[in-house]
Amino acid sequence: MDTLFVSIAVIFAGGVVGLLLYRQFTLMKLVAIATSSVGCGIGFIFTLSKLFGQASGLDVSYNWLHLFTLAFKIDSVSLFFLIPIFLIPPLALLYSFHYLENKEKQARAGVNYFFFSMLICAMALVVISANMITFLLAWELMSLSSFFLVMYDYEVKSNRKAGYVYFIFAQGGAMMLFAAFALIYSYNGSFAFESIAAIPDSAKLLVFVLAFLGFGSKAGIFPLHIWLPKAHPAAPSHVSAIMSGVMIKMGIYGIFRIYLLLDSPSPMIGQIVLITGMITGILGVVYALAKQDIKELLAYSSVENIGIILIGLGIGMVGVSQQIQAMAFFGFAGAFMHVFNHSIFKSLLFMGAGSVLHQTKTKNIEELGGLMKRMPVTGRTFLAGSVAISGLPPFSGFIGEFLIYYGAFNGLTATKLPYILAILAIISLAVIGGLATACFTKVVGLAFLGEPRTEKAANAKESGFTMGAVMSIMAVACLVIGVLPQPFISLAFQGVADIPVLAGFNTDAFMVIIRQISCTAGLFIAIFIVVSIFRKMLYSGKEIGSGGTWGCGFTQPTVRMQYTGTSYAAEMVDFFRPFVPFKDIYSGIKKIFPGTTTWDTKTFDIADKNYQERLIGPMMTLMAKLRWIQHGNIQLYIGYIIVAIIVLLLFL
Amino acid sequence: MESILSFCFAVLIAPLLPAVIQKVKAYFAGKQGPPLLINYYTMIKLFKKGSVYSTSTSFVFKLGPVVGFTTSIMMLLFFPMAEIAPLFSFHGDVLMLFYLMGLGRFFTIIAALDTASPFEGMGAAREAFFSTLAEMTVFGILIIFFKLTGSLSFQEFFSGDHVISLMGEYGALLLLVVAGLYVVMLTENSRVPVDDPATHLELTMIHEVMILDHSGPDLALIELGAYFKLLFYSGFLARLIDPFHSANVWINSLLFYSVVAFIYITIGVVESITARYKMDLVPKFILTPFIFVFFVTILTMGVMQ
Amino acid sequence: MIQLTDALFSINHLADALLSLTILSVLLSLGSNRLLTLVKIMAFQGIVVSLIPFFLEHHGEMHTGSIVLLQIMLLIKGLLIPGFMYTAVQKIKIQREVEPVIGYNASLFAGLFFILAAAFITDRLHISLPVENDLLLITAITTLAAGLFLLMSRKKAITQVIGYLMMENGIYLIGTALAKETHTMYVVEFGVLLDLLVGIMIMGIIVHNINSSYDDVDTALLGQLKDN
Amino acid sequence: MLELLILIPLHVGIIAMFLPARLGRGLLVVTALLHLQLSVFAWMGKLTPQLPDYFAVTNEGILVLLVTSFVFLFISLYAVSYMNETEISSEPIYNGCTLLFLATMSMVAMADHLIVLWIAIEATTLMSAPLIFLHRSKTALEATWKYVMICSVGIALALLGCFFVVLSMDLGGVHTPITFSSLKEIAPQLDPVWLKAGFIFLVIGYGTKMGLAPMHTWLPDAHSEAPSPASALLSGALLNCAFLGVYRGHQLMYQAGLGDFSSAVLVGFGLLSMLIAAIFIFNQTGYKRMLAYSSIENMGIIAFGVGIGGLATYGAMLHLIHHSLIKSSLFLSSGNVLLGYGSKLIDKTGNMAKLFPKTFTAFFAGFAGISGFPPFGIFVSELLIIIGAFQQGKTWSISIFILALTLIFAGASRLVTKMCFAACDDPEVLVKENWARTLPSFALLLASITLCIWLPDPLYQTILSAIATIGGNI
């Protein structure tokens, strides 16, 4: 345990150094990155050794303010979530070395490193805290530090708005958690996690719903997800990588943790999680498809993946309540696996997007194109990440989804509602998979392939060394996990090992399947190589010509004639029309000899739109009306006092 | 050994069968039609050629055909043609294979987008959309099969105690499944009424437009891949409806491939007597079997294996 | 207790007269629009209100302390405060209240209504309260209500000060009416008086400043700080 | 000699009125130090009142006194530099009046006698009125007028409340001095109806001063127009003193067995204040007004916590301490903002992060603190209040409480991000920030952090004994 605190201290020290040394820009970056990374390294080694070793003596507590104890405890679930916390940040930090290049913003970079390390520490503390007070403390620190990270480029108005929206959702979510925990405390008078199970069953559902809303606002469940597509584009890319790759998983951790602690017999909990997961997953990917801002698209894709993870958790929870051990085990394990995988490929994709943004100064895929040739490393790694996130073998994304599928198929032995839920889960996963493919073919195809649509894209160059190196590492990791999944799956299995209901579940049979998957992936790669060689042979010694793309008879093609992202997605988005409101803005043809005319399609987030129209709008109107109270007229003010007295005297 | 032979035979016969469709269509049109071996000639011709690549393209363009071909080969490797065990099989392989097909699609699509052509993107978008819809039906079918056999592998679907067959236990239910699978086959293989491989207007194409810029051996790989895929789907259908069962491997195979040929003929008939749908009707067409299949999944709730 | 009341009937009679005078001054102030007149009425009311407790039955015995207090109170309420307000009114040019929020006739009717309401409340209070002198409580409540009414219905700052003063008088009378025995040392009562005096002085200074800033003492001018 | 706490600032204040400004400033700081020292002595029980009829050392009083004294010290340090930069017609009046103000506040904190408490609270109004008027602008005049009038009317009603309490003694046939310490013993004998009526008037009266809605109307005006050190004093010290008045009323009610009634009243006022504050914090145009409404909100939270009882009482007391520290720090920072931009309007400010990094840090940290983020103490206090409310089963109240908190956070964070990060239309720095004007803010924030990490045991005990008198426990 001490090792872990040492590592947290070292990470934090790295941030403080960043703050103190900001005048020496390069030195500061080096020292801050190195120190924090070393801290993460210590923590990572500790985590791995504990995950596969003896997990005893892992709880400590301290007194705080006479009233509370700060308690920390590590179990397999915490350890599993510690892995991405210690694994991804060093890579992101390394990436930031070339990403944060602007020397004029050196002070800001220092602040950025400070809050970055604080975020890592806070996340680590979240997963190891063992009572509600400690948890909330770490949780709030996490929200606060990530807010500052989002506000890095505060000069841009939309970024400020993003930070603001994030702040509100973070605090609103925290309030829900306050309420949930306070409700627990009101039943048993204890802050300790262990005592949560003791509250009456009738209260458990309410507690869970409150906590689910609180954690869900961090994780990005629909309809509490609207901060993600705002905050992620606003934050610098290494921050988006961490926030999307690791931080939103803290919401998942919270949901899972409170579920475990409540130990509620109610089947409602699993059903709520599962249904939310399906809605979140499908709508997340549909919105991702509709978006043209590459980082916004990735943010929605995170929403989608949160949906997938929640489907996994939901399958597990339904499995527990139906007492189908296989369903429960593979649901949870799949969710865990996907947490781990998503942390890698989503970080990779955000870093790729950051690299593109860094070079071209635009995030709009309609302004990009042809980057594969200009930024080969970024392009290839992004391609790998895209395949992985679409859940296609032989990359990592498939493994997690396979586990969830497997859990869901095992759940088909149930009857009634759980059966239908299992069916829906499987079909949602299929739909999500298909749409994710569509979504990421769009990004890769439009941003990286074809011809550059603007000057900015045409003049792009490959990004700095550290950025490329980090992305390559992650891309390779995606492939390795996909081809050789056994050790990583056993990581996830270790993670769920401490869950009481799953005790004694035998995974040997499944490990055989995993080995087969691994072999099949290998087989696929082997055939692929053979076919490639075969193709090479066919072409050897032949004439290879090159020319323009066949324009179907049109001889004057321009780069603007390329298919656009909006058109690419239009048909699919239209299919989900009731959930994806959109508006066509057409300037029309007005004169006999038409001049320039424009056509623009804007899609809205239904949650965002409804918040605006149904919630914020009326509330603002009401508040504006009530502002009449402070009228400026002293006679009226004295009147208020008298009215107050009269009203109170009526109660006498 | 049987498995290897079966696989080789499937690979060899795959290009032959689509010619049957062409023959049927020619018959309906009152023409003689191309020779049955036309596809083999085409392949040989294409393999002999070189290629012209668009200056817009990158390595992804060349990757597309290879990945597409490889995934199609994988399907045949795992599918038990004619009651003969496939070369590879494991519990859960269906999931992996359908996802591998997704991978093939992924690369076909981005290869199309790599050309910077306005038409190919259009085809790619439709491909992505329609196959997503078809995938829903496929997974619905997998759910039913899992309910019926308790397994997740092609090999296990058609062997052991609970063989899935129209003649078997829940044959009546399977009727709807067969219809669904047939539509999926038409969709996934870009046949009428979803797509028309013989159309001449790029704006209305799906699959054909995506491969406009491929030529020579690349095009050959794509075409071969498409033949394999069609064979896989019709084989899948044939296993469901095949009413004959014989202890002799040879007779069995013969019967099986005649059923397959029958399916090809029906495709030809369908293509001859229907026109392709308007593009906005296609999603409805693809979703209809999903409704069937979903209905069947609900019906199978009580079934326990 | 009843015997004592009977014995002091004659004194009570005098007290009733004083109370009637107080109500009269209240009604006058509600109907008056000249600031100087208002100040004079307040001086009168101050003296009357200061005297009332000493004509009530339960203040039968006079201590040295209470005599001193009476002198101080007379001095402050009858002389210092009115004097101070008099100078304030002299310094500002505006001599009369124009356009009150509620007109003078209506104000007078309101005054009458307050008396009725006060009588009603007093009647109700009899259930729980052994009040010896109904008129005292009626007067007190009327004065209090009228003070608040002036505060709300008049726009000139100086009239508001007068309203405040009248309200204080009302509260003082209620205190006198309700508290049978003084639990307080005179120091405390002196402190209350001092607060009142300083309060009025500060208000006077502000009124003066309002006058020099705006050339008027109309509180309608003081409406810039608002949130709507 | 407990009364020294009143006498020293009183006399020094009168003297300072006639001394030159620079000397007066020095005197201010010296007196503040001396006062803090004496407060600590009083806390340790080393000082006994000479006039035990009127003054006493009580736990809640000493708590308020310590906070007042502590906050006052840093505000006076800040004022030294602030007054250099700002144009104030007569600085001796500021120096004198703040000291007199301190004297009256100390008197409130130590008052044990019902009427003495009233006198002291009324005196705080009178002594602070000149502070608000210091800028001598028309708006300052208006603010002062409203402050004096509304508070005077309110407090006059509190006097009526005092009379009712005395009446309830008479009716109960009790004969003791009307000090809180002696009333404590005989509280159950008091006449309940008149005690309730008395409490209503006390709450309305002192609540006016404390800024409970709907009697809060003077507060945003006064806080925004007063010079920043004075606003900081008003918000950080004066409101607590007024709260003490309400608290004592509640105490009496609790001891008389009428705690339910007074709790309900306090909860109602607390929630109303928070909702009103939420309404006005949204789309607020002036940052000092925003902070003022935030004070209303926090007073509402304290009233709510005290009303809820149990664990929430402890939370309310912590909230009182931390709110004073953080809010005065915020007002001090807002003084720097005012000096720097020359306007109280949020629209005229912007990009503080770049233009005034130190002030920005203090201001934003203060904002985070007041919004309940750790490591600032309000995190703990709000959590305790929420927990306490759930424990008491007040589900509806707590729902409104949480809703209001969220609304206020949403409103305030928008304005604060705008001030700190949005582009500034006219990025001309009138007065540069310096350490002399930022260190006091940081020191106050640091105090809040420190108290959140480590609460000294004596302080803890003091709070516990204070809340024990209204049935608070942990």
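Of note:
In this document, chain identifiers A, B, C and D correspond to the written order of the chains, with residue numbering beginning at 1 in each.
Operating definition for what follows: contacts are C-beta pairs under 8 Å (C-beta built on N, C-alpha and C of every residue); 3 or more make two chains touch, one makes a residue touch a chain.
All values derive from a computational prediction rather than experimental measurement.
Counting C-beta pairs in contact, the pair that comes out ahead of the other among C-D and A-D is A-D.
Spacing of chain B relative to chain C, judged by their CA centroids, is 100 angstrom. Averaging C-alpha coordinates per chain places the centre of chain B 77 Å away from that of chain D.
Between the Cα centres of chain C and chain D there is a gap of 31 Å.
One finds 43 Å separating the Cα centroids of chain A and chain D. Chain C has residues 148, 151, 160, 219, 222-225, 227 in contact with two or more other chains.
Contact of a single residue of chain A with at least two other chains is seen at positions 627, 629-630, 634, 638. Contacting chain pairs (ordered by label): A-B, A-C, A-D, C-D. Touching chain D in their complex are the following residues of chain C: 128-129, 144, 148, 151, 157, 160, 164, 167-168, 171, 174-175, 178-181, 183-185, 187-189, 191-192, 194-195, 198-199, 202-203, 206, 209-210, 213-214, 219, 222-225, 227. Partner chain C is touched in their complex by these residues of chain D: 53-54, 113, 115-116, 118-119, 122-123, 125-126, 129-130, 133, 136, 138-139, 141-146, 148-149, 152-153, 156-157, 159-160, 163-164, 166-167, 169-171, 176-178, 191, 193-194, 220-221, 224-225, 280, 284, 289.
Remark: chain A residues 627-636, 638-639, 642 touch chain C in the complex. Residue ranges of chain A in contact with chain D, taken from their complex: 65-67, 107, 133, 136-137, 140-141, 143-144, 151, 154-155, 157, 160, 163-164, 167-168, 171-172, 175, 178-179, 181-183, 185-186, 189, 620, 623-624, 626-627, 629-630, 634, 637-638, 640-641, 643-645, 648-649, 651-652.
Chain B makes touch with chain A in their complex at residues 47, 49-60, 62, 65-67, 69-71, 73-74, 77, 88, 90-93, 95-96, 99-100, 102-103, 105-106, 109-110, 112-122, 124-126, 128-129, 131-133, 135-136, 138-140, 142-143, 146-147, 152, 202, 212-213, 216-218, 221, 283, 294, 297-298, 301-302, 304.
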